[in-house]
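Each of the two complexes below includes subunit A, the first together with subunit B, the second together with subunit C.
Presenting the complex of A and B:
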C-alpha cells in the first residue's frame, strides 16, 4: 500500500516536472529534451544489458536507423511537415525493430563478451556505411526540414515528443518486467543453459526483447534528428563513442537490472555532464573520463545496488 | 508398462575418447530406473545425448515412439523430458518463487501468452511445490543465496513445476546433507507415485539407488555392463569388479 502510494507520488512528480520544465527554464529546453532521450537510452539498453545479460555496445545502431529513416521519409515522401514527421517516426521505429528481428537470431546466438564485441562492430560498420552512401547524404549528412511553427516552439515541440516517448518507454518496460517474458529474460541472464533445458524458447524471447528496445530507440531517432536539425552519421546517428557508450554507463551507474536504476543513472549522468560543460569547459572530456572510472570502480552495482547494500549492512 | 524411453545402440565419441559405445537402455513408463557406474563411465554423456545437448554419432533414441536424437535441448524439453544437473543450475539472481513461476511447461507458450503475468494458480502451484521440497520458508530468497543442497531441492521443485513425463536426475543426492537424503528419496518416490513422473536417476549412493529404483543399468568404460533388479546388480561380480577395480 505504502509502496504503491510512493509510486503514485513519483509519477505525479515526474509528470509535473516534465510538463512544466520548458516553461520554468526555457533556456535549457534542448538540454532537458536530451535528458529524456538519455532516460530512454538507458532504459532500452537495460532490457537486454541488465535484464537479459546481453551487454550491447551497438544499440545506438537502432537509434541511427531511426534517425535516418525519419529524415528520408521527411525528405522524399512529399508529405506536409507534421504528416511527414509522424510517418517518419513510424518508419524509423519499424525499420529499427525489423533490423533487430533480422540481426537478432544470429547475433544473440553469441554469448558473453563476444556478443558485446560483435555489437560494437555493428555500430562502427553502420557509421562507415552511412558516411559513404550518397543517397543518405554520405559524410555531409542530411539537414532536417524547417520547422513550420514559431522559432521558440521548435525545441518545446520536440521536447514534449521525447518526454512522451521516455514515459511510454518506462511504462512499456515496467509492464514487460512484470510479465512472464520478463521472468524469461531474467532466467536467460542467470542461466541460459538451464532455461533451454527447461524448454524456454530462448532465441524467440531474446530477439523479441531486443526488438522492443530497437523499436523505441528507432522511434526516438526522428525527434532527435529534427531537434538537432542536422544529421551527421558519426556525431549523431551512429555516435558509438558517445551515445553508444553512455547508454551502458548510465544503466550501470544507476543499477542495471532494475526498473528505476537506469532512470536515476541517466539523470545523474546527464546533469553531471551538463555541469562539466558549463563549469569545466576545455576539461569536460577529462572530467567525463574520470567520472566513468569512478562509476566502474566505486559503483560496480550502481547507485541502487550501493543503496541496497548500505541498507542491509545497516540493518 | 509401455516403454517411454528407448535407447538403442547409441555411440558418442569425443575425439579419440569413446564415451558411449553401443549403449541400449529402456525406461518403462511410470518406473524409477537407475543408472550407475564408476566415474567416467559415460553416464552423464548418455544424459546429454538424451537431452539433446550434443548430437550422437550413431544409434537411436526414441521417446514415446518418436525419434528425438536429432532434436535440440529446448525441443526435447518441450516434449516432456526435463533433466537436472550434477552441478546445480538455478536462476541465481531471482528469488525461489520467480524461479518456479518461469518453470511452467513451455510447450504451448507463444509470445502473446508470455506477455501476461503469472496467474494466481501458477503461483499457488509454485508455493505448493516449494513447500513439498521444504523450501517454503526460503521462498523470497534469491536462489544464489541458497546452500548447494537447497539449490538441488529447488532444482527438483522447478523440474516438477515443468510437469515432465520423464525426469532425468543427475546425482540428486550428491552434496545434500545426509540427514536430508532420506527425505529427498521419499520425495522422489512420491513424485513418481503421486505425480506419475517417470524417473531415470544417475546415482553414486548405492543405498539410495537400491532403495529407489526397480531396475538398474550399470555402465563401465562407456559400455553397458549389466542390467537387472537391484538385487541382481548388487550380486553381479562384474559390477563389483567395475567399482572395486578388480580385473
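Presenting the complex of A and C:
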C-alpha cells in the first residue's frame, strides 16, 4: 500500500516536472529534451545490458538507424512536415527493430566479452559506412527539414515528443520486467545454459528483448535528428564516443539490472554534465574517461547498489 | 568495383598489395601478441592497447623533432610506455584483475578514452608522421614499390618479437609469467609474486605497443584517434590465432594486413576502416557458428 502510494507520488512528480519544465525555464528546453533522451538511452541499454547480461557497446547503432531512416523519409517521401515526421519516426523505429531482428540471431549467439566487442565493431562499421555513403549525405550529413511553426516552438515540440517517448519506454520496460519475458531474460543473465536446459527458447527471448530496445532507440532517432537540425554521421547518429559510451556508463552509474537505476544514473549524469562540463573547457572528454574508470573500478554496483549496501549495513 | 578489373588485368599489382600488406601485418602481429600476453596471463582484454601504440608513436615523433633518430627513439618509446604501464597497473589495472570481463573491458575502455583525449588536448588532432628519409625500392619495372622504411619496420617488429619470446623462454621473470598464465593460484602457492608478474606483464605489453607505435609513426602516420583500430585489429588477430600461439599470431597478422590492403584497393579507401570492423563482426559470428558445430558433434 505504502509502496504503491510512493509510486503514484513519483509518477505525479515526474509528470508535472516533465510537462511544466519548458514553461518554467524555456531557455533549457533543448537540454531538458536531451535529459529524456538520456533516460531512454540508459533504460533501453539496460534491457540487454543489465537485465539480460548482454553488455552491448553498440546499441547506438539502432539510434543511428532511426535517425537516418527518419531523415530519409522526410527528405524523399514528399509528405507534408508533420506527416513526414510521423512516417519517419515510424520508419526509424521499424528499421531499427528489423535490423535487431535480422542481426539478433547471429549477434546474440556470441557470448560475454565477444558480444561486447562485436557490437562495438558493428556501431563503428555503421559510422564509417554512413560517412562514406553518398546517398545518405556521406560525411557532410543531412539537414533536417525546416520546422513550420514558430522558432521557439520547435524545441518545445520535440521536447514533448522525447518526454512522451521516455515515459513510454519506462512504462514498457517496467511492464516487461514483470512479465514472463522479464523472468526469461533474467534467467538468461544468471545462467544461459541452464535456462536453455529448462526449456526456454533463449534465442527467441534474447532477440525479442533486443528488438524492443532497438525499436525504442530507433523511434527516438527521428525527434533528436530534427531537434538538432543537422545529422552528422559521427557526432550525432552513430556517436559511439559519446552516446554509445554514455548509455553504458549511465546504466552502470545508476545501478544496472534495476528498473530505477538507469533513470537515476541518466539524471545524475546529464545534470552533472550540463552544470559542470562547460567549466572544463575542452577537457570534458578527458574527464569522461576518468569518470568511466572511477565508476567502473570503485562503484561497480552503481548508486542504487551503494544505497542498498548502506541500508543493509545500517539495519 | 572497377578496381577489381584493374587488379585482374595487372596481377603484378596483387604482388604489390600482398607484399606491403605482409610488411604492415608484422606490426599488427606485434601489437596483437602483446594483447594476447595480457589476456592470457591476466585475463584482461585491454581496449587501451591501441592508445599505447598511439602514445609510442608520439614519443618517437617528438624525439625525432628534437633531433633524435627513430632508431634511438623507438627504444625510448618502449621505455616510456613501460613506465606508463607500471603506473597504470598500480593505479587501475591492479583493481580489475580477477574481476569480471565486463569490468575490465569497460575500465580499459575508460583508459582508452582518457589517453586518446589527453593526446588530443596536448598534441592536437593533427596527423603526424616521422619522415625517415629512406628511399623506396622498385621492382618489376617500377610496378612494385616497396618503401625501405616498411622493410625496416618489418625487421624491427621481428626483432622486438624475437626479444620478447627469448625473454619469456629464458629469464626467471619470463618463466614466472608463463607459470602464472597456466595457473595463477598454483603459481602463488609456489611462491611467485603474482602481483609483480602482473605489473611486469602489463608494462611489457605497453612497451611492445610503444615500440610498435614508433614503427607506425615511421611507416604510416599517427593521430590521437587511431587507437581503436589497432585494438580491434589485435583482438581480431588474437581470436583467429588463439592465445599463446605465436606462429598463429604472425600468420594472422600478415593475413590481416594483406586482406586490408586488398579491401582498401578494391572497395576504395573510404570503406577500408568499415571493412576491417565488418571483418571483425564476421569473424566473431563465424567463430561462434564454428564453435556451435563443434559442440553439436560432442553431444
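Methods note: the second predicted complex is superposed on the first by the 314 of 315 C-alpha atoms of A that agree within 3 Å, B and C clash if a C-alpha of one lies under 4 Å from a C-alpha of the other, contacts with A are read in each partner's own complex, and residues count from 1 in each chain.
Note that in this section contacts are C-beta pairs under 8 Å (C-beta built on N, C-alpha and C of every residue); 3 or more make two chains touch, one makes a residue touch a chain.
Computed from a prediction, not measured in an experiment: that's the story for all the values here.
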Contacts of A:257 with subunit B and subunit C, given as first, second, both or neither: first
First (subunit B), second (subunit C), both or neither touched by A:183: first
Partner chain(s) touched by A:35 [first = subunit B, second = subunit C, both, neither]: neither
Touched partner set for A:196, first subunit B, second subunit C, both or neither: first
First (subunit B), second (subunit C), both or neither touched by A:85: neither
Larger contact residue set on subunit A - subunit B or subunit C: C
Residues of subunit A touching subunit C in the complex: 55, 57, 106-107, 109-110, 112-114, 116-118, 120-122, 124-125, 128-129, 131-132, 241, 245, 248, 252, 282-283, 285-286, 288-293, 296-298, 300
Touching residues (chain side subunit C, partner subunit A) in the complex: 45, 92, 95-96, 99, 101-103, 105-107, 109-118, 120-121, 228, 232, 235, 239, 268, 270-271, 273-274, 277-278, 280-281, 284-285, 287-289, 292
Residue ranges of subunit B in contact with subunit A within the complex: 51, 72-74, 77-78, 82-83, 85, 89-94, 98-99, 101-103, 105-107, 109, 111, 113-118, 143, 158, 162
Residue ranges of subunit A touching subunit B (in the complex, touch as defined): 176, 178-181, 183-184, 186-187, 189-191, 193-202, 204-205, 208, 257
